[in-house]
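Chain lettering (A, B, C, D and E) follows the sequence in which the chains are written, and residue indices restart at 1 in each chain.
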Amino acid sequence: MILGKVIGTVWSTRKDENLVGAKFLIVRELNLDYSPKKNSLIAVDSVGAGVGENVIVAQGSSARQTNLTKNKPVDAVIMAIVDKLDISVKEKVEELVETK
Amino acid sequence: MILGKVIGTVWSTRKDENLVGAKFLIVRELNLDYSPKKNSLIAVDSVGAGVGENVIVAQGSSARQTNLTKNKPVDAVIMAIVDKLDISVKEKVEELVETK
Amino acid sequence: MILGKVIGTVWSTRKDENLVGAKFLIVRELNLDYSPKKNSLIAVDSVGAGVGENVIVAQGSSARQTNLTKNKPVDAVIMAIVDKLDISVKEKVEELVETK
Amino acid sequence: MILGKVIGTVWSTRKDENLVGAKFLIVRELNLDYSPKKNSLIAVDSVGAGVGENVIVAQGSSARQTNLTKNKPVDAVIMAIVDKLDISVKEKVEELVETK
Amino acid sequence: MILGKVIGTVWSTRKDENLVGAKFLIVRELNLDYSPKKNSLIAVDSVGAGVGENVIVAQGSSARQTNLTKNKPVDAVIMAIVDKLDISVKEKVEELVETK
């Protein structure tokens, strides 16, 4: 899974009939020091995540393994909200941040 | 899912028999400010998206979870048309755009 | 799906028993102007594609949704032959080509 | 599968109900000489891996093929702990390390 | 599928119970001229591939479509050994090799 931060919402009225009621959030990928990566993706929320919260996103067919997303055409789901990262192995910490 | 813009159509007469009638659209990936990314992909449309519209694309096995794509050899489907992006967390906006 | 061009064939006599008779083609990814990208992949052909033809490739579990590839260990299938690309939105065409 | 090293833990109290009890580990990808790559990911542990250990991670739907992860919204699982890598073909070893 | 070369073995005694007896090989990705790419991955062997041989690797759920890997937490399988690549379209051969 990837670490990300909810930074916004996608508004969509015309969507697949299975997706009525689904909430699409914009998630920006994060480095382990919570600095933003370049990449963002759109995910359905299954845990009540709000804008500004750090979350974990599961992708692919695994994104359909929640009650909310079962059999629906979504490939990314927020399945956990992050309280804290506990990084114990810190050799070369500067390299943990993707600068490019 | 990814954000994209429909920029064209692929014409194909010889295709898998399960795909007769399917419409292949060319979708260019977008940054969150709607500027184009380098990458494009081909997706089947399940929501009546037209050229020029901003859309959401689901990939992988999730692309087969619409009535139109069920059990078909397609790995990308347009499952929503974007009305608006509402980005609330804007720190370092310049980094939201993938320039390379 | 991705756009590609069939550029060759892989010869293999020792392969999984489910794959006897399957034809492995080498597909080079293409930009939207048909110029070649760096990346190539190996795909099974389900539509009678020949060397030199431009094709569409489906990947992942979707590659197993043809009669030829069902339940077989293949993750890429040629499921359509391209007649023509019709690109209607041409802003910044130069950026459509991945130069790096 | 990819080679990685467990470098930490993610704490999360609010998560999908299917994930209660699951342990999320932070895994940094490794080069074949055990030097760290830039990329990290979050995986569920199915083999009792501890921080500092080198592991193998399976991704995608394959991550749900353990007793612990079956039908759960997780897309990465630690399914083996590495004792040793035995690399027999060492031409151009310097290129084995991804420096960028 | 991708083209690769078996360059070594991963030794692992602690692994998921479904994987007892499975052999993990280290596969380095190859360009079409057999020169090595930067990236390596770990795959289960289903065809008796040995170190030094050029092989084809299927990934994702397709990696579980062999008798050896069915329902097991593996996302990459060697499903064919390459005898020969027959590349017929050679325009801009220099670009076929990924130099970066």
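We take it that a residue touches a chain if its C-beta (ideal position, glycine included) is under 8 Å from a C-beta of that chain, and two chains touch if they have at least 3 such contacts.
A quick note: this is a predicted structure, and the numbers were derived from the prediction, not measured.
Chain B and chain C have centres, each the mean of its CA atoms, that are 19 Å apart.
Chain B and chain D, compared by their mean Cα positions, are separated by 30 Å. Among the residues of chain D, those in touch with two or more other chains are 60-61, 63-64.
Judged by the touch criterion defined above, the protein chains form a single closed ring in which each chain touches exactly two others. Traced around the ring of touching chains, beginning at chain A and stepping first to chain B, the chains run A, B, C, E, D. Here chain A touches chain D in the complex through residues 1-3, 32, 46-48, 56, 58-66, 69, 77, 79-92, 95-96, 98, going by the rule given at the top. The touching residues of chain E, when paired with chain D in their complex, are 5-16, 18-19, 24, 26, 28, 36, 38-43, 51-52, 60-61, 63-64, 71-76.
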